[in-house]
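Take a look at the structures below.
Consider the two complexes below, in which subunit A is the common component and subunit B and subunit C are the respective partners.
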Partner chain A sequence: MVQAKDLEIEGLVCRYATTMALHGLDFRVAAGEFVSILGPSGCGKSTLLRAIAGLVPTTEGSIRVEGKSIDGLRPSERAVAFVFQSYALYPHMTCRANLAAPLVMTELSAFGRSAVFGRLSPRARRVQASIGERVAATAKQLEIDGLLDRRPAALSGGQRQRVALGRALIREPDLFLLDEPLANLDAALRNRTRSDLRALQRRIGATTLFVTHDQAEAMAISDRIIVMFDGRIRQIGTPDELYRAPADLDVARFLSQPHLNVVPAEIVRRALGERTRAGDIRIGGRPLSAIEGVVAFRPEHATMARLDEPALPGLRVRVDHAEHGGSEANLFVRLVADDTPCVVRIASRAIADWPSGREGVLHFELDATHVFPGEHADMGEPGLSGRAVA
Partner chain B sequence: MNATERQRRRVGTALALPAGTLLAVLLLLPSIGVLSFSLTDYQFGMPGFDWVGLANYAKLFTDPDIRRSLFNTLLYVVMVAPLSIFAALALAILIEGEGRLGSVFQTIYFLPITATLVAMATAWEVALHPTFGMVNAALSAFGFAKVRFLSDPDTALATLAVIGVWKILGYNTLLFLAGLATIDRDLYEAAAIDGADGGWGRFTLVTWPQLAPVTLFVTVITLIRCFSEFETVAVLTNGGPSGATDMILFTLYQQAFRYFDIGVASALAVAFLLFVALLSIVQVSLFERGGAA
Partner chain C sequence: MTRRDLSRLATRTVLVLVAIITLMPFVEMLAVSFASKSEVYTGAVLPMPSLAATIANYGYAIREVPLLRYLANGAFVCGMIVLLQVLIAAPAGYALAKLPFRGRPILFGAVIVALMIPLQVPAIPLYLAIAYAGLLNSYTALILPFVVSAFGIFLFRQFFVSYPDEVLEAARLDGFSELAIVWRLMLPAARPAVMAFAMISIIVHWNDLYWPLVVVTKTSMMTPPIGLMEFRSSGDSTGHIGALMAGGVIATAPLVACFLILQRHLVRGLSFGVRT
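Let's look at the complex of A and B:
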C-alpha cells in the first residue's frame, strides 16, 4: 500500500510551434482516486498525461503533487509511473531485467550497472540484491513470476501488459499514469483486465489517471471522469453524473456511443404540441414552447408504438432496419417529418413487428431527455447548456 | 500426378526458363569457369594449359608479393572498418539530435557516395600533392614539414585508409540514421521515466540494443567493402610506392590483366569469393538468431 498523494493541475497550457495542444486545464485529483481522461483521439488526453509525466514540455500553468510543484523536474524525479499503450518494454531484455530497469537506472551508477564493476563493489552488490527481492515481490503480486526469464516477444499481449504494469508499480510511484493500457488487448481479455486493474489500484491505493477513448471502459472503472475535446476539459464528474447530466451535445454524444438521437426542437414541438390537459410539456425542466436548438435522448429511453394505436402523441417514423443484439435489438428509423435518423432499443423478439418500411410512432422519456443549443452553436460554453440539463 | 498438375508444372518451368537461363549463363558458368581456371596454369593468350591442382592456392600463401598484399588489405581493414562504423554511429546520433540542420549534414556526409569515385580520387590527389596540394600548404603554414602522403611508403596506406573512411562514412551514417528512425519513441519515453533520459544511460538502455541488427549489417557491409578496395589504389597509387598499398583486388587485377596469369588470378578470385560468402553467411545466421530471440 503506497502513501496516496493528491494531484492538482492549474492553468496547464501546452503549445507546440503553432498548435495549442492543451488550452489551460484546471482540475484536482484526490489522493487514491481513479480518474479517467476520456475523449476522442487528438483531443489532447495523451498530451496531458505526458505533460504530467514530464515527457512533453508545458508552456504555462503548474502541476502539484501533495501541494509541491513538480514543474521542471525530470521525468524520473517526478515519482510517476507510466504505462504505455504499446507497453514499451525493452525488447532485448528479459522480463526480470525490464521490471528491474527503473530501479537499476536510478539506484545504481553506470559503474554499478556494468557486469564487472557491479560484481566487485560491495555496495552495488547490496543494491542488486535488494532490487532482485523487489522484482520477485512485484512479479508475485502480478502473477508473472513464471515469466521472468522470458523476453517480451515470447509473451502474450496480456502478459506483456502485466509486465508493463509491474515495471510501473515497482517504483512505488506517487502517481500512476496509464495511457490506454487496455487498447491492444482483445475484447474478452480487455474486460477482465480492466476489473483486475481496478482491483489492483484499490489494493495499492495509488492515485491513478487513466487515459482512454472508450466510454464504456471509463464508465466501468472510474471514480470520476474528465471529458476532453480539442484540448479543453468539457466536463468532470462521476460516471453517473456524466450519464444523467452531460454538459453539452459533444459530451452526450460521446458518452452515448454508438447512438444518440438528436432531433430539432421544432420537429418535436410540431409533433407533440406545446401542452397537454395536465399542463405545459416540459423537457429537461423547460417548457417545450421555450426550447431552441435540439433535444437528445438515448435509444434505451425511446419506445415504438403502432401507428393505429398510439396512446400518446409522438414522433412519426418509418422503419429502416433492425440490428439484433442478443436479448435486445436496435431499430433504426427515420422521422417522417425531416428524415432525421433515430435509434430505438426494442426487445429482440419484437423485430418481426417492425419490418423495413413500416411506419410507427416513437415515444421518448421526457425526463431522460436533454436539451442543447443547435448543432452549430458554440459548444465551448458548458454553462449555457448546463442550465438546460434536467 | 494428374493432368492439371502436370500442366501447372509445364507452365511453371516455361515461365522460370528465361530467368534461369540468364542466371546460368551470366553467373553460374563464369563462376565455374573461374573455379576451373584456378586449378590450371593457364596464361592469357597461350594455346594450352595444364592442370596443376592446388598449386595456385599454395602460391597465395607463399608468394611474397601476394602475402604482402594480403597483409596490406588486413591492415587497411583494421584501420578503416572500426573507425568508419563507430564514427558513423556517433554522427548519426548527432545528426538525429540536430533538428533543422540535420538533413543538410546528412546530404554533406552522403556526397562521397553520389560522386564518381575516380573524379573524387583525382581531387584527393590534387589536395594531397607534395608541392602544390593544399594539405601540405596548410601543414607548412603551421610550421610542419611537408608530407609526401601518397609517395612515402610509411604514409601511403594510412592516407588511403583516411580516404576509405571518408568514402564509406556517409553510407554507414545513412544506414544508422535509418535504424535510429525505426526505434519506437515510446521506448525513449519509458527510458526517461525509468531514469535514463539522455546520454550514456539512454544509449545503453535503448539506442545501442535497438540498433544491434543495423550495426551487424553495417559491419558486414563495411568489411566487404574494405576487403574489396580497388579504385583508390588503382587511381592514386597503383599499388606503390614499392607495393606499400598493394591490396588483394588490385593484386588480382594485376595478375590477370598485367601478367596475364589467369590461374593465380582465378585462385585469388575464388578465395575472395569464399571469404565474402563466409561473411555473408555469418551475418545471415547471426541476424536470424537475433530475430528469433
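Let's look at the complex of A and C:
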C-alpha cells in the first residue's frame, strides 16, 4: 500500500519545432484515482504521459504532485512509474535484473554496482540484500517468482507485461503511468489482465493514469476518463457521464460501437414530422422544429420495425448487411432519404428477418438521442477519429 | 547435372582459386621458415622442411632481433587503440543515434567525411605536432592519432539507431544516466558490433607500417611490421631467408589466432542490426 498522492496539471503546453503536441491542458486527478486518457492515435495522450514522467520537455504550464511542482525534476527523481506498450524490458538482462534495475541504479553508487567493489563494501552488501528481498516480494505479488532467471525473450507477452508492471511497482511510486499496457496482448488475456490491473491498483492504492485508444477498455476500468482530440481535452467525466452526455460529436462518436448514427436534423424533422405534429416532439430539450445541425443516437438505442407494422414514425431505411456479434448483431442500413449509413443493434436471431435490400423503419429512443447544432453528418472515420467539421 | 549444380560448381571453383592465390604467399612463408638455406635455393616451389632448419631459423630470428619486444609493443598499442576507440566511439555513436541536438545531421555528415580521409592527408601536421610535443618514439605517438575512429562512430551509430526508444525511456526513469545507458544497455546489445569493430581495428593497426615508420626510430618502440622491415634491411638477413620468414610467421601468428577466435562475431557484427 502506498501513500496515494494527487496530481494537478495546469496550463500544460508542449510545443515542438514545428508542431504543437499539447495545447494547454488543465485537470486534476485525486489521490488513488484511476483515470484513463482516451483518444485516437496522434491526439497527444502518450505525449501527455511522457511530459508527466519528464521524458519530453514541456513548453509551459506546471505539473504538481501533492501540491509540489515536479517540473524541474529529472525523470528518475519524479517518483513516477511507467509501463510501456512494448514493455521496454532490458533485453539482455534476466527478469531479476530487470526488476532490480530501478533500485540498483538509484540506491547503489557506481562502486556498489560493480561486481568486485560491491562485494567489498558492507554498506553496498546491505543495500543489495534489501534489493534482493524487494525483488522477491514484488515477484511473488505478481506471480512471476518462477521466471526470475529467464530473459525477456523467453517469456510470453502476458509474462513480460507482468515483469514490466513489477519493475514499475518496485519503486513504490507516487504516480502510476500506463501507456497502452494491454495493447500487445491477445483479446482473451487482455480482458483478464485489465481486471487484474484494476484490482492491483485498488490494492496498492496508487494514483493511476492509463492511456488507451480503446473506449471499451477505458469505460470498463476507469473512475474517470479524459477524452483528448488534437492535443486538447474535450471532456472529463465518469464513464457514465461520458456515455450519457457527450460534450461534442467527436466524443460521442468515439464512445460508440461500431459507430454513432449521425443524421441531418432536416431529415429527422421530415421523417418524424410527416405523421405527427412536430411541436410535440422534443430531442435534448429542444422542440424538433427548432433543431439544427445533426441528430445522433447509438446503435443500441435504435430498433427496426417492418414497413407494415403500425408504429410510431421513424426513419425509412434499406438494409445493407448484418454483422453477427454473439447474442446481438449489428444491422447496417442506409436512409432511403439521403443514403446516410446507420447501424441498429438487433437480436442475432432477428438477422434472418432483415436480408440485404429489405426496407424498414428505424426508430430511436429520443431520450438517448443527442443534438449537435452546427455539425454536419460527415462520416469521417466512423467510431475512430471523427473530426469536427464546423 | 542440373543448371543449379553447374553454377554452384562454377562459384566454388572461383572461390577456391581466389583462396589459393591469397594463401600461397603464406604457405610459401611457412614452408621457407621450416627449410634450410640450401634447400630454399634448389628452386623447388615448396622446399622440404627439416626440424634442424626450423630450429635454426626460428632461433636465429628470436635471438638476433627483439621479436618478442615487437610483439609486446604491437599488442599493447593495438589493445590501447581498440580500448580508447570503443570508449570514445560508443558514446559518440549513441549521441548521434539517439540524442536529439542542434547540428546533429551536420556532425554526422562530418563523421562520414572523416571516414573518407586517409591518414596520409593529416600525416605531416600530425607528425609536426607530435615532434614539437617531444613525443616521437613513444607509445603516445603510436596510439593517440587513432583513438577517435570515424569508422567506429559510424558503425556504432548504425547499430544503436535501431535500439527501441521505449527501453531508453524506461532506463531514464529507472535512474540510468546517459553514460550508464551506453555502457549497461547499448554496448551489451551491440556486442557483435563491438567484436567486429575490435577485430577490424586490430588487423589494421597490427599490420600498419606507415605510421610507426613516421614516428618511431628506436628499436624498443617498434611494432612487428616495422621490426620485420628492420630485420630485412639489416646486413646479414639476406643470407637468412629462412629466419626472415620465421620472423614473418611469428609476427602474423597472433593475428591469425585472434581472427580464428573472433571470426564468428565478425560476420554477425557486419550484418548490422540489434537483436532484442
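Following the convention adopted for this analysis, the second predicted complex is superposed on the first by the 366 of 390 C-alpha atoms of A that agree within 3 Å, B and C clash if a C-alpha of one lies under 4 Å from a C-alpha of the other, contacts with A are read in each partner's own complex, and residues count from 1 in each chain.
Just so it is clear, a contact is a pair of C-beta atoms (placed from the backbone, for glycine too) under 8 Å apart; a residue touches a chain by one contact, two chains touch by 3 or more.
The structure displayed is predicted, hence computed values, not measured ones.
J.: Could you tell me whether subunit B and subunit C fit or clash when both sit on subunit A in the superposition?
T.: On the superposed model, which is not a single observed complex, subunit B and subunit C clash.
J.: Once the structures are superposed on A, label A:Trp354 by its partner contacts, choosing first (subunit B), second (subunit C), both or neither.
T.: neither
J.: Can A:Phe229 be said to touch subunit B (first), subunit C (second), both, or neither?
T.: The answer is neither, since A:Phe229 touches no partner chain.
J.: Applying the touch criterion given at the start, work out whether A:Arg151 contacts subunit B, subunit C, both or neither, answering first, second, both or neither.
T.: A:Arg151 contacts subunit B only, not subunit C.
J.: Is A:Ala53 touching anything from subunit B or subunit C once the two structures are fitted on A? First, second, both or neither.
T.: After superposing on A, A:Ala53 lies in contact with both subunit B and subunit C.
J.: Overlap of the subunit B and subunit C footprints on subunit A, residue-wise?
T.: 50, 53, 55, 74-76, 80-82, 84-86, 88-92, 101-102, 105-106, 153, 167
J.: Across the complex, what residues on subunit C touch subunit A?
T.: Result: residues 164, 166-167, 169-176, 180, 185, 188-189, 276 of subunit C touch subunit A.
J.: Hey, which residues of subunit B end up touching subunit A in the complex?
T.: Subunit B residues touching subunit A: 184, 186-187, 189-197, 200-201, 204-206, 209-210, 212, 293.
J.: Give the list of subunit A residues in touch with subunit B in this complex.
T.: Per the stated touch rule, the residues are 50, 53-55, 74-76, 80-82, 84-86, 88-93, 101-102, 105-106, 110, 113, 151, 153, 167.
J.: Can you check the complex and tell me which residues of subunit A touch subunit C?
T.: 50, 53, 55, 74-76, 80-82, 84-86, 88-92, 101-102, 105-106, 153, 167
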